[in-house]
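Some structures are shown below for you to check.
In what comes next, chain A is part of two complexes: it sits with chain B in the first one and with chain C in the second one.
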Partner chain A sequence: MYAIITISIVAIIVLFFGAIEKKAPLLPVVYVGLSLAFILNLVGWNQSVHYYNEMYIADNFSIAFNGVLIFTTLLVFIFAPVYYKPVKRPLEDIYALILFALVGSLIMTAFGNLLMLFVGIETLSLSLYILAGSKKFDPNSNEAAMKYFLTGSFASGFLLFGIALLYGASGSMNLEAIKQYVILNQAHMPGMLTIGLLLVAIGMTFKIGAAPFHFWAPDVYEGSPTLITTFMATVGKVAAIAAFFRLMSSSFAEVESIWKLTLTIFAVATILIGNLSAFYQDNVKRMFAYSGIAHAGYMLIAVIALKQQAAGVLLLYSMSYTIATITAFAVLILVREETGTFSIKAFNGLAKHNPREAFAMTIAMLSLAGIPPLVGFAAKYNLFVSAIGQGNLPLVIVAIIGSMISVYFYIRPVIAMYAKLPSGTAAIDSSSNYKKQITLAAVLMILLGLIPGVFVNLI
Partner chain B sequence: MIIVLLLVLPLLASLILFTGKLGKHSREFALIVSLLEFGVALVAGYAFTFANHKILNLSLNLKQLLDIDIIINIDAVSLLMIMLTTLLVPVIIASNNNRKVRNHNFFGLILLMQMALIGVFTASEMILFYIFWELAMIPIFLITAIWGGQNRLKISVKFLIYTVVGSFAMLIAILYLYTLTPAPHSFSFDAFYHLKLPYSVQVPVFLAFFLAFAIKIPLFPFHSWQAETYNVSPVQGSMLLAGIMLKMGLYGIIRFILPICPDVVAGGSLIFLPLILFGVIYGAIIAIRQPKLKKMIAFVSLSHVGIIALGLLSNNHYGIEGAILQMFSHGVNVVGFFLCYQIIVIRTGTDIISDLGGIASAAPKFATLFLVVVLANVALPLTNSFVGEFLILLGLFQSNIYIAVIAGLTIILGAVYMLRMFQQVMYGPQTAVTTNFRDLTVREMLLFVPIIISIFLVGVYPSFVLQMLQTAVK
Partner chain C sequence: MGTTIAQIQTIPLQYYILFCSALFSIGVIGVLAKRNALVIFMSVELMLNSANLLLTAFSAYRNDPAGQIFVFFIMVVAAAEVAIGLALLVVVYRSTKTIDINALNRLKW
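Then we have the complex of A and B:
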């Protein structure tokens, strides 16, 4: 709760600095504010405090995920000065919107009432719609914003309709009350509740970018400014999946039968569509969009197998996915800056002149592909173990086949970097600042891979 | 603690090499470390034979921190494979005298690979095993993709895809078996061995494991990556692949298929024995017709490892013992063969057999050593392969007489391709490229010392290894 207040205040201060056209203090304020929020967020550990009639629940689940979200945003901001170097104006609007989106995502992981879920999602989404179009004079960016807004508001409509039906059936929007109702009526579920749950699930599936509601993702990811894509692909996705997990585990865990099959089909479709489509992409940014879809599918597995340790597994998976994705996007931003293209060819021979960036990218790619001993493997392995422990063997086999396919497209940039000759004439020289940040991300990834057990057993 | 040293020493050394601080001395450093590692392995061998076994086991419960339990231990089979690895890696490192490939990363990758291989051969926990198994793939992939010859990208990616498909199949099997272990579930080998699976469960488990191992070994229908990868890889890469890495697959058969799916193996391993047998003959026949020396080695290797796999799946203790011994012998022999190949290629610049000839008169020392290696590959009595192949055929004979008879043919075919190649390369009139063939230098002779010693040591006095294996096989 304090984290949300802090971040909101920081966002307003940022806007204020923008209004008086001061550029210098903007980012330091954001860094300090986010670090402070990160610490304040951890204060309530193991206390499970409820706020406003159980509207907002600060339990270990939400604290852990909020920690991940705040930290990820901090990483995104660390890369912001490099990405926005050519821009002269203070950019207070973009920073403030990212912070407001973060507030929305923090609410999403901690909601105790369906209305709060909706408020969180809308806070996140509305900010993201604007951010997607924040490159005002770029038609692709405008297209992305428009597509995202139209499809996204449609999905929000579904979600709201679903919430209404759930309320109609159970008489409450409180997760705990819905759970009681569900347990009482386990024998014969009213159709209204089943349909309501399905509609909510559709809305959530859209937000995490899972099939069959994933069509917006590639275009929006490709068109948005890369830094915003990074934010969308990490914070947006993790917040949505955490919210979905919370909804399912706290209200509908007892009635697996009414949603398990649907979600399993969604997950299978997501994994296959994501991986198979990424297979054919020559545009690396687009490839990451499909890779993000595929990872949404893997994270859905954690929702399906939501008993036992699945929350911890989801936490580990989110961490491994976000850090690897941010690192990869950071290298992508650098490559794009120098070569002017997102094509896979832009990576040719990168290792020769930029061994550090190439190394970080390699670690990120191998981690996303789930190659041991990196954290991506630990995450996938835990996910599969917890799913298989509850009898989801066919689902896990599909997921493993998906991982198999993914190795090919994740290894392509690696091969381009190490084994192909540079296509351009000039060497890419990165500023010393950037080197530190990329190294930081790579080191984090390796460190995380050393102690995955800690996070799995955390919540 | 010896076991930790075995794993940590090459890992640390490879990390030091990756920093690039050693510059020109990278090769010497790598060589010294690998020799030290061999020393440590000898100590482990001494401890295994004469002292108590306690120091060879390590079990740490790190579930909270690492999410896996670390269980490592060395038994007779592991020890033999560790010996093979630590013996060959110094030879492989020292054999590199290609200036273009004299790169600190190259040696770092070789040592990293050594660490992963030792990990594979010692792990007693499924996930740990799987981690090492995958880790071993990355260095060899990079070695091929970066320092390989023509078409290296396409071929190394093909190799990668093949092995990844196999290992994921294995992962599925591992996860499935995990769910069958009694609660609380465990990934330790012991828990897996105590499963008494019904036949209907053993079949899919067998298929998944067999796919992974058959690709790695490689066995007949899954071998199409092999010849190309050997051909395109730098010689050191080929040595690692043929000498040590393909033993991972065979080792996997010993560790998983034999104890977990005994009924499938007893029932003749489904339809796979005839398929492997076909691969054995097929490899041998192609080897006869192969114009390029390196590709020929690849097909010879395909044929030889097929025999080893037949021995392992013969469901007979002679066959299994012979196969394990032959795993060691084949590693030594094939690396010896690649050494000879490298010497010929460096001196003449070609490996097309018909372009060579008359080397024996120019280089008598080389001719002698090459002949020993060739005869060891043909499985002449008193060389190491004889013992292994004899036992394998004996075992096969007792389990399935038809397969044994056809497999016996390979000894004849082996003599045909080996001696024919040797005759064409070493005798006859000298050709343009072989007239100025220098004989071996002292450094090169030294490279052959460990190879020749192990050829004769195992060939003349195999019983000390076999005794060790007998208890392990039972």
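Then we have the complex of A and C:
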């Protein structure tokens, strides 16, 4: 709760500094504010405090996920000064919108009432619509924003109608009250509740970017400014999946039969579509979008196989996904700035001039593919083991096949970097501005790989 | 307030549910079938407002104000959404000179 208040105040201060045309204090204020929010967020660990009539629940689940989200945003902000170097204006609007989006995502992980779920999702989405279109004079960015807006508001409609039906069936929007109602009427579920749950699941699937409602993700990810894509692919996705997990585990865990099959089909479709489509992409940014869809499918497995243990597995998975994605996008931004293209050919011969960046990209790719000893392997291993423990063997087999397909397209940039010669004269300047940031992300990824067990047992 | 609720309750709840589902379906079909961005915005509004009406009906039948409070939140969010949508539409119109969403075809695989 204090973290949300802090971040909102920081966002308003940032807007104020922008209004009086002061550029210098903007980023320091953001860094200090986010660090402060990260510490304040940890207060109340193991206490499970309820705020405002159970609207907001600060239990270990939400504290852990909020920590991940705030930290991820901090990492994204570390890349902001170099990414926005050519832009001369103060950029207070973009920073403030990222912070407001973060506030929305923090609410999403900690909601105790469907009202807060809706408010959180909309706070996140409305900020992201604008951020996606923040390159005002780039037609691609405009188009991405428009597509994101149309599909996103469509999904909100489904979510809302689903919430209305759930409210009509159970008479409350409180998660605990819905759980009690569901347990009482376990024998014969009213159709209204089943349909409402299906509509809510469709709305959430849209926000996660899982099949069959994933079609917006590649276009939006490709068209948005790359830093915003990084934010969207990490914070947006993790917050949505955490919200979905919270909804399912706190209200509908007792009636698996009415949603398990549907979600299993969604997860299988997501894993296959994500991995197979990524196969054919020459545009690396678009490939990451499909890779994000595939990872949404893996994370859906945690939702399907939910018992209390799965929360820790999901936490580890989202951390590994987040850090590897940020590293990969950072290298992609660097390559794009030097060569002007997102094509896979732009990576040719990167290792020769920038061995450090090439190494960071390599471990990011291997971690996303799930190669031991990196953290991506530990995350996938724990996820699959806990899913098998719940009796989801066929689902896990599909996920492993998908994982094997994914090795091919994750290795492609690595091969391009190490085995191919630089194309033309566009050799990348080895004194790049991103050196420190990329090193930091790579070090984090290796450190995380050493202690995965800590996070699995955390919540 | 009491008389309003009594008047609302004179119509059976099923009628409200059927009516709202019909409105919602019209909204969904409008979004899927129409290619004009403004009409799509209107269809999305229809979807949101059908949810509003349904929440109000449930809330009146259960004598529980929570549903009506939710409606205020939805109205605020819908207003913000339309403001953003129209702003985006203006920006898109500047570059493509049309509000037909088929013009949005630069990004595809």
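General remarks:
Keep this in mind: the second predicted complex is superposed on the first by the 452 of 459 C-alpha atoms of A that agree within 3 Å, B and C clash if a C-alpha of one lies under 4 Å from a C-alpha of the other, contacts with A are read in each partner's own complex, and residues count from 1 in each chain.
Heads up, the rule we're going with is that a residue touches a chain if its C-beta (ideal position, glycine included) is under 8 Å from a C-beta of that chain, and two chains touch if they have at least 3 such contacts.
Bear in mind the structure is a predicted one, so any value in this text is a computation, not a measurement.
After superposition on chain A, the partners chain B and chain C are seen to fit next to each other with no clash.
Judged by the touch definition given at the top, the superposed model places A:Arg286 against chain C, while chain B stays out of reach. Angle at chain A between chain B and chain C, computed from CA centres in the superposed arrangement: 140 degrees, to the nearest 10. Within the superposed three-chain arrangement, the count of touched residues of chain A is higher for C, of the candidates chain B and chain C.
Of the two partner chains placed by superposition, only chain C is touched by A:Leu165; chain B is not. Looking at the shared chain after the overlay, A:Ile451 reaches chain B, while chain C stays out of its contact range. When the two structures are aligned on their common chain, the gap between the nearest CA atoms of chain B and chain C comes to 25 Å.
Within the complex, the chain B residues that touch chain A are 62-68, 127, 130-131, 134-135, 138, 142, 145-146, 152-153, 156-157, 160-161, 164-165, 168, 171-172, 175-176, 178-179, 185. Listed in rising order, the residues of chain A touching chain B in the complex are 366, 371-373, 377-378, 381-382, 384-385, 388-389, 393, 396-397, 400-401, 403-404, 407-408, 411, 415, 418-420, 450-454, 456-457.
Within the complex, the chain A residues that touch chain C are 115, 118-119, 122, 126, 129-130, 133, 136, 139-140, 142-147, 149-150, 153-154, 156-158, 160-161, 163-165, 167-168, 171-173, 192, 218-219, 222-223, 277, 280-281, 286.
If you check the complex, the residues on chain C that touch chain A are 17, 20, 24, 27-28, 31, 37, 40, 44, 47-48, 50-51, 54-55, 57-58, 62, 64, 66-67, 69-70, 73-74, 77, 80-81, 84-85, 87-89, 91-92, 95-96, 101, 104, 106-109.
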